[in-house]
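The following pair of complexes shares a single chain, chain A, combined with chain B in the former and chain C in the latter.
And then the complex of A and B:
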């Protein structure tokens, strides 16, 4: 039986971080460690360290984390080449 | 046990006895009482299933797809415009190889608004990768639904199945139906074992982008499964016959052995044609009947007759009769009648008349072009 099944692996679509136009950066001084950014990141590009850690190899810069952050600790800045 | 009830209530009973676990359906005439009865079963606790109320038939099919993808047996029912609204998701269910079983109560498509029987709704879904079965009695409705689960869920098939029967002619007509004990049905129909499923312990992605080379293989695999389904339909029909005394297969033949002409029709017209065959035989005509209960896969192997008269309740505009054209070139002498459109009554006398017309070399829309 054949149907369209694939097994998720890290980086199956390549280094999607290169797609990024806006780059999120976390101000750990403001971060309250609620982990909403970690929950909402659609690419699982945020991991749990002492504070949230963004994996810039795969973060596409969608900005959902910045939108969800209740204390505005994540800022989206234009990606520098 | 003999139950006297309508095909719609019998459908609900069959879905219950097949132990469907998720039912998502939207009511539409003439299917409504299927959904009402199932809601009643779930409400009373007689049926241990999740009943999902939806805002459209598109959503009903989507909910069934999602549930089936979790490895759960599902059931839905629809008719006419409801089926047409499902069209996109019917393809989806087929390509995802999810053996959903659905009842479609054949009803005409508007405008003009018409709630009577017409097979153009299901005929328009014939290329979606679903198995298509047509029933000529309430007993066949019951038997076909239970068998459809076994056929669709066979590891060699894994395709969804549509059980079609005429609106009102069957859907709202009470007939005696022999219903086996639940334990016998459980014996016949084992628990559903999915070919793939969504499982948090073993994450997969289903339905993401597929390159042309792989996509073509997925489609080819469906065609191969349809061909394999022919064998499974015959086997399951035979097993049903051994267990419950009513034999089924891809087609049902009646007095065909010595027949010069064979009338080929489907659904309730096949029941009527049986009467016509008896009447014609009394007059000395050597005529038989093939009830085409399976339309997909198309059982060409079982239709090897020299002279076939097709009578069908559907049309492909700009082509003509659908079954007629599918058989064209495969039968030495083929006649095609389009009859019963929009619920026009087709009695055994009409069928006798069509037989006489065919013998004169005439066919077409009955009784509009030829009568």
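And then the complex of A and C:
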């Protein structure tokens, strides 16, 4: 019997950022670097630079990051595409 | 910051390693994915996941690609604990001591169809971790009731609201006298991470259950996933605890509630979810009464 094996790949379902209707944007002037947005992003689309960086190729626009930011540094705006 | 018990105290101290890769198939705002990200940060790459039919098997993405960065065995809906027992035996024969076999299953696969295999593996003392991510229904097949669906909740098979109470799988698991049982939720990443770390360092059967509120299944806006998980704990609907060798200790907000902190009104949690929209006042009274009884019971047994 042959076993089907899959290999770890970023973007296995393609560029899932195209699913997005609302676009988060971070005002780093307000950011206190608590990293809540980073840990709660279901899509692992926020990385830890000096400030959080959103990968718009994969962000699905759920808005959890904006909802969980304690200082309202993330705003959701309608995507223009 | 790390406490003197070696526990992580702040989100910023969680490892950056990522084992859930960007571009997976989960719905926007998915709780299972948040839970798995934090879990794998704790368990690390020397983990073999066993995943039965459930949302996570879909989130994983399609052959020949996977979005999970650790080896994963996909198995039939009812068979995850049996398959993990096989993986544990193979690792033992190979002399691989640092690899942990870990079941990652939904509540349908754990409370209902998988409970027999789970009970067997626990009773045999299998050296593995069983994780149930509990979204309180079968989400992958389009929202059907499970043994974990709470009283009153709408699903496509309880469309006037579930008439029965949910059961408590973690308490059934505790009756197997295993070394470690814990409950957690995604709203408290440090608590979840520390419990996973603790489980990883132990031997024998270990069970962790994570409450994962699901936007399409519970009918709430996808930005509220974490907020609803937090409110589940603050209202006392979900309880955080761990039991090391049978000794139960409440943790985090649940510990504070046990010590006398007031619970937030359960209505705050219910009214955020469309699945409870049809509830009548008498249903809410019943839910409140049962919640009071549950907490009275905890206070009694935890004394």
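Methods note: the second predicted complex is superposed on the first by the 73 of 81 C-alpha atoms of A that agree within 3 Å, B and C clash if a C-alpha of one lies under 4 Å from a C-alpha of the other, contacts with A are read in each partner's own complex, and residues count from 1 in each chain.
Keep this in mind: contacts are C-beta pairs under 8 Å (C-beta built on N, C-alpha and C of every residue); 3 or more make two chains touch, one makes a residue touch a chain.
This structure is a prediction, so every number in the text was calculated from the model and none was measured.
Novice: State whether chain B or chain C is in contact with more residues of chain A in the superposed arrangement.
Specialist: After superposition, C is the partner touching more of chain A.
Novice: For A:40, is the partner it touches chain B (first), chain C (second), both, or none of the two (neither)?
Specialist: In the superposition, A:40 contacts chain C only.
Novice: Under the stated touch criterion, which partner chain does A:15 make contact with: chain B (first), chain C (second), both, or neither?
Specialist: second
Novice: Touching A:61, do we find chain B (first), chain C (second), both, or neither?
Specialist: second
Novice: So, does A:1 touch the first partner chain B, the second partner chain C, both, or neither?
Specialist: first
Novice: Which residues would you name on chain A as touching chain B in one complex and chain C in the other?
Specialist: In chain A, residues 4-8 are touched by chain B and also by chain C.
Novice: Going by the contact rule at the top, pick out the chain C residues touching chain A in the complex.
Specialist: 11-12, 14, 16, 18, 20-26, 28-31, 33-34, 37-38, 60-69, 186, 189, 221-227
Novice: Enumerate the contact residues on chain B facing chain A in the complex.
Specialist: Going through chain B, the ones touching chain A are 95-97, 155, 158, 195-196, 203-208, 210, 214-215, 217-218, 221, 225.
Novice: Can you list the residues on chain A that touch chain C in the complex?
Specialist: It comes out as residues 4-16, 19-20, 33-36, 38-45, 48, 55, 57-58, 60-64, 66-68, 76.
Novice: Which residues of chain A touch chain B in their complex?
Specialist: Within the complex, chain A touches chain B at residues 1-8.
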